Amino acid sequence: MTVEGKLRTAIVGSTGYGGVELIRLLQSHPKVEITSVISSSSAGDAIEEGFPHLTGIIDRRLDGVDPAQMAERADVVFTATPSGVSAKLVPQLLEAGLKVVDLSGDFRLKDGSEYEHWYKHPAPADEYLEQAVYGLCEVFGERAAGVDFISNPGCYPTATLLGLIPAIQAGWIKHDSIIIDAKSGVTGAGRGTSLMVHYAEINENLKTYKINKHQHIPEIEQTLTEIAGEKVTVTFTTHLVPMSRGIMSTMYAGMKGNYTDQDFVDLYREYYAGRPYVRVRDVGVIPATKEVSGSNYCDIGFATDARTGRVTIVSVIDNVVKGAAGQAIQNLNLMMGWEETLGLGYTPVYP
Amino acid sequence: MTVEGKLRTAIVGSTGYGGVELIRLLQSHPKVEITSVISSSSAGDAIEEGFPHLTGIIDRRLDGVDPAQMAERADVVFTATPSGVSAKLVPQLLEAGLKVVDLSGDFRLKDGSEYEHWYKHPAPADEYLEQAVYGLCEVFGERAAGVDFISNPGCYPTATLLGLIPAIQAGWIKHDSIIIDAKSGVTGAGRGTSLMVHYAEINENLKTYKINKHQHIPEIEQTLTEIAGEKVTVTFTTHLVPMSRGIMSTMYAGMKGNYTDQDFVDLYREYYAGRPYVRVRDVGVIPATKEVSGSNYCDIGFATDARTGRVTIVSVIDNVVKGAAGQAIQNLNLMMGWEETLGLGYTPVYP
Amino acid sequence: MTVEGKLRTAIVGSTGYGGVELIRLLQSHPKVEITSVISSSSAGDAIEEGFPHLTGIIDRRLDGVDPAQMAERADVVFTATPSGVSAKLVPQLLEAGLKVVDLSGDFRLKDGSEYEHWYKHPAPADEYLEQAVYGLCEVFGERAAGVDFISNPGCYPTATLLGLIPAIQAGWIKHDSIIIDAKSGVTGAGRGTSLMVHYAEINENLKTYKINKHQHIPEIEQTLTEIAGEKVTVTFTTHLVPMSRGIMSTMYAGMKGNYTDQDFVDLYREYYAGRPYVRVRDVGVIPATKEVSGSNYCDIGFATDARTGRVTIVSVIDNVVKGAAGQAIQNLNLMMGWEETLGLGYTPVYP
Amino acid sequence: MTVEGKLRTAIVGSTGYGGVELIRLLQSHPKVEITSVISSSSAGDAIEEGFPHLTGIIDRRLDGVDPAQMAERADVVFTATPSGVSAKLVPQLLEAGLKVVDLSGDFRLKDGSEYEHWYKHPAPADEYLEQAVYGLCEVFGERAAGVDFISNPGCYPTATLLGLIPAIQAGWIKHDSIIIDAKSGVTGAGRGTSLMVHYAEINENLKTYKINKHQHIPEIEQTLTEIAGEKVTVTFTTHLVPMSRGIMSTMYAGMKGNYTDQDFVDLYREYYAGRPYVRVRDVGVIPATKEVSGSNYCDIGFATDARTGRVTIVSVIDNVVKGAAGQAIQNLNLMMGWEETLGLGYTPVYP
């Protein structure tokens, strides 16, 4: 803690979209002070060179990646680093006595053997996989209290799991019937340059990618399996939508009974009672992505269909906030025993 | 026929997006002459007042809706009119001896009792429902030869049916397992003004609408049922994507066997052999909407999944061309016994 | 004041983009409580029916337009009403003893005879035109202290005047040489429906409107004339850009001397010293609209050109914040003698 | 000529946006056959790997850059290559006896000394600069007849020069008063990847670039100077607009007399009489970029202002068509003595 009594915080990956959103949100967190913004690629630069919108807001040069220095300057580190980088860096930070919220996928899977298949690189040591608490706040929030290391959920898994878990826990849907048609804005692909994210290739275009091969599949299945008490396998498709922010997960499942829209609304409102960042919409109201943009909300709506015996569940988040930086801060709040909403009281920006 | 030996054509609904696309495409059709552009709301105006891009291309004032006048001036009429309007107008045109290609939904369903439920207005007389040939060119093209009246398929049904029919006919997928997650650009909603299509409400936003209630559901089920030989019921969701043109239909079905991507590619290439406007993509290649933009193509790709026993089929069209004006002209070509591709040789506009 | 010691605030026009942005921003203002959200067209509705993003944030039904009721419930009223409506409503509110910040154009021009020409409706009574303080905060901020009635500047004039005034006051540019090429996102046109703002008409399109006829011209000229001490007439063009938020004003003027970029940066930094919401960029750095999105900043950059003897000045704002709701709150802060930045500490949302 | 009597054509740079547009347009040219598509970076690949929209349309592998091979296979070569590459390649092609239409900027400036300053690389040999005919079709079309080598104008110069030349030639505007505020869609930046063209950096953003430094400035000034008969210097600003295609040039100039909108319309219609691809709009009608999208049109509108004595001229083109591939084909037609419109009869794609 600094003299002001604020928690000293470092952000690794401050030149990516997740990192810069952490800066935006933490700027107004009443108990946190940013003491280091870190980038391996741009160390030494003023942050406003890469992000001119921060001109005059955070006058700070980017530090390099140096765990010893972080241990001196910070109490907690957010690692918004690419998969593979966190796997190596996070253990060093933990050894140095730092608290860590990791935004990569490197510590989300409990079974290390899954990494080679889905992430194409080796898993971190098992002890770290075990230590990492999977920080899906509205489901596992109580596990976060007092721990030193949170693995922050992926963007697609956040929208998807919050949309499916109450129904699975209630035993209302058939485990082998789950189909997830997910759509994301382009920030989900990161700030790296490639033809895939060239404006003229995305604009006025809708495309799929990684059908049945996305690395978020095992993360979703791992948690659904835990909730269901039996192995759950899902069909999962991802689409790239011509917009910057937002994820919509449109989910289909066969129902085990004749449930109505009202039944689902009631079930979910009970499950999420007291959790301010999940908004279960009224019967007949399906959320759109812009209705949560810039905020930490996950909004959920339902359409049951007696003709087919299926329910369609629609869940939306801002992928950069609830799907990354916002949930990471929510996790920090839970780790520290603070109010869950601290520094996250953003009304969605509309339009 | 006029002295030049061209077919005289009238377009009703020339101030909508479907009508104006008919004008664009018919301008370069070698056997057709546009002799009347018709609008009930803007009769008397120069067409370039509402559509300045046509300045100097088609110097013509909009005519009113007058079947007798159409019978004098035209041999064939395209009715790009709202649902409910065609139901009344088309019988008059047919009685006047005109050939008709109707782009509304008013004559697509064979069972008149479905109209009240899905379209919220009464059905046309049964004799016209019977007379109307459902013009899904690559499936029912031979039925169009020589007839006087074509009911042009809807945009969603075109993409969806072309993506599902070969698999259903082959008996490869389970009829009760079909889920269709469809996405459309905003032109699909027409040129009428409403808050729903306000730029600031659509831009940087993704929303659903009419889940399980879209009027294209009975059209899809009617044709799938005919092909399957038993009643087929589908789950069908529609999304509005921030783009002007394009439909993607992402379809999920349980497979009855262990089919591979290659099996599907082979099956579909055989089914669509000789049909130039369906492009079955290579194994592993999934089409994006921009790859057919401005053209009459329907592109299809596959992702089978041994883990879940399901296939994901992705079908894309330009909703204004293959989903409306282009297929209507393709139907005209088939009616007249002309080459199917006449006036439709457009390379997609990319990017 | 209510028991909590907060200023009670009413917002008229809560179903427009300006009104809903006032709600977003005032939600986090530490000294303000929203006690009434008002709409003439939707009185009685829950606000979340028209703006679902506010679900669970502001649980309040819309009130009708009733000055007596406002006087009971509020201390200050923001009128985010169309031009012509404010002209009638504001005098009633002032007579009822309310403080008013008016976001319409109805009280910005001091010469009432201008209204018929530019606004096509009669001017309000002269006494109100005289009473209204033109609230361009960084220029006339000291005039706002303690007054009851602020006329909030227009979006284009805010960006334009902040970009031109220091150079004019310094006598560096020729008064008869000023050309303003302004560009706006679509929210500037309001939430009303029309073909002009139909998504498919705006998307992938760039158009001009009201060249030399925009009602913001006399507002700009009035203030430039006051600063210059002689009549200033400008050329002013407005463009509609396919984006929701943001204004860029690209301004051209002949220089009276051989000034450099550095000279301009120094001059403007001195002029705006101590004003946190104008960011004068470094030499060679020109701001883009997204760099102020969602925030109250106005960013300014310069390109002098020795070849032509002209300077190009680029000024950007978020039209809904600094061009409307944000500056209105900044004006409230100045009226009340509060810190200028209260409730406005938003970091731009990027990307 | 091949047996079919068609002109054999090679396209160098077939993996860029200009090259692929040449393919789209030449596909329907009645007197041209594409015999080689060439790319230095992707030689050996099927063209549909990089451009899936061409699947089934042009079944051809990309050739490498080999002048001898081109001379065997083709009669004319379009070089849609980056600046600096054409400078080296084109002389070899001309020596090999090929006709060339060069789409780069390497042969547009007659004064070789300008290249180092504006293009940052050396000029080609003077003999080629002299040989190159600057192919601004509607102004210098007669110079193209029968020549072997055309330097195709830049996108900004095409829109700008067509908008200014008639007024300059008539002596209606002051030569030292010309200010050009130009805006372009993102295809103008090419298909190369960079942070500047990342979707999330362009979307919902408007930015300037290269103010007073753009390499199209000397090209514009060279031609205006020729027309004016005295040195003309312009102020020129470029903006990047969140759209794929389209350029708008908004031009300002002081008038030498009291000309009206009607005067300008009449003057320009007379100047462009018989030139089908310039559409001078009616009085009071200003063109928007989408109104020429996908077509070879340049549309022009005017707003004179008696208050300021200035005229605002707005000129729009599709930068990929009239600003690149379309005008290149128009030049080919003129070189060959063919009808100017051959293969270019595209109606704009709207919306």
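Letters are used for the chains, namely A, B, C and D, taken in the order the chains are written, and counting of residues starts over at 1 for each.
Here is the rule we use: a residue touches a chain if its C-beta (ideal position, glycine included) is under 8 Å from a C-beta of that chain, and two chains touch if they have at least 3 such contacts.
This structure is a prediction, so every number in the text was calculated from the model and none was measured.
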Pair joined by more contacting C-beta pairs (A-C or A-D): A-C
Identity of the chain that, by mean CA position, is farthest from chain B: C
Geometric centre distance via CA averages, chain C-chain A, whole Å: 36
Chain centre separation (chain C, chain D; CA means) in Å: 39
Chain A-chain D separation of Cα centroids, rounded to whole Å: 46
Residue numbers of chain B (touch at least two other chains): 17, 185, 187, 200-201, 203-204, 242-245, 288, 290, 293, 351
Touch list for chain B against partner chain D, complex: 17, 20, 23-24, 27-28, 51-57, 187, 203-204, 244-245, 276, 279, 281, 285, 287-288, 290-295, 299, 345, 347-351
Chain C - residues contacting chain D, complex: 179, 181, 183, 185, 200-201, 203-208, 211-212, 233-235, 237, 239, 241-246, 248, 250, 252, 286, 288-290, 293, 303, 305, 307-308, 310, 312, 314, 316, 351
Touching residues (chain side chain A, partner chain D) in the complex: 17, 185-187, 191, 193-195, 197-204, 242-244
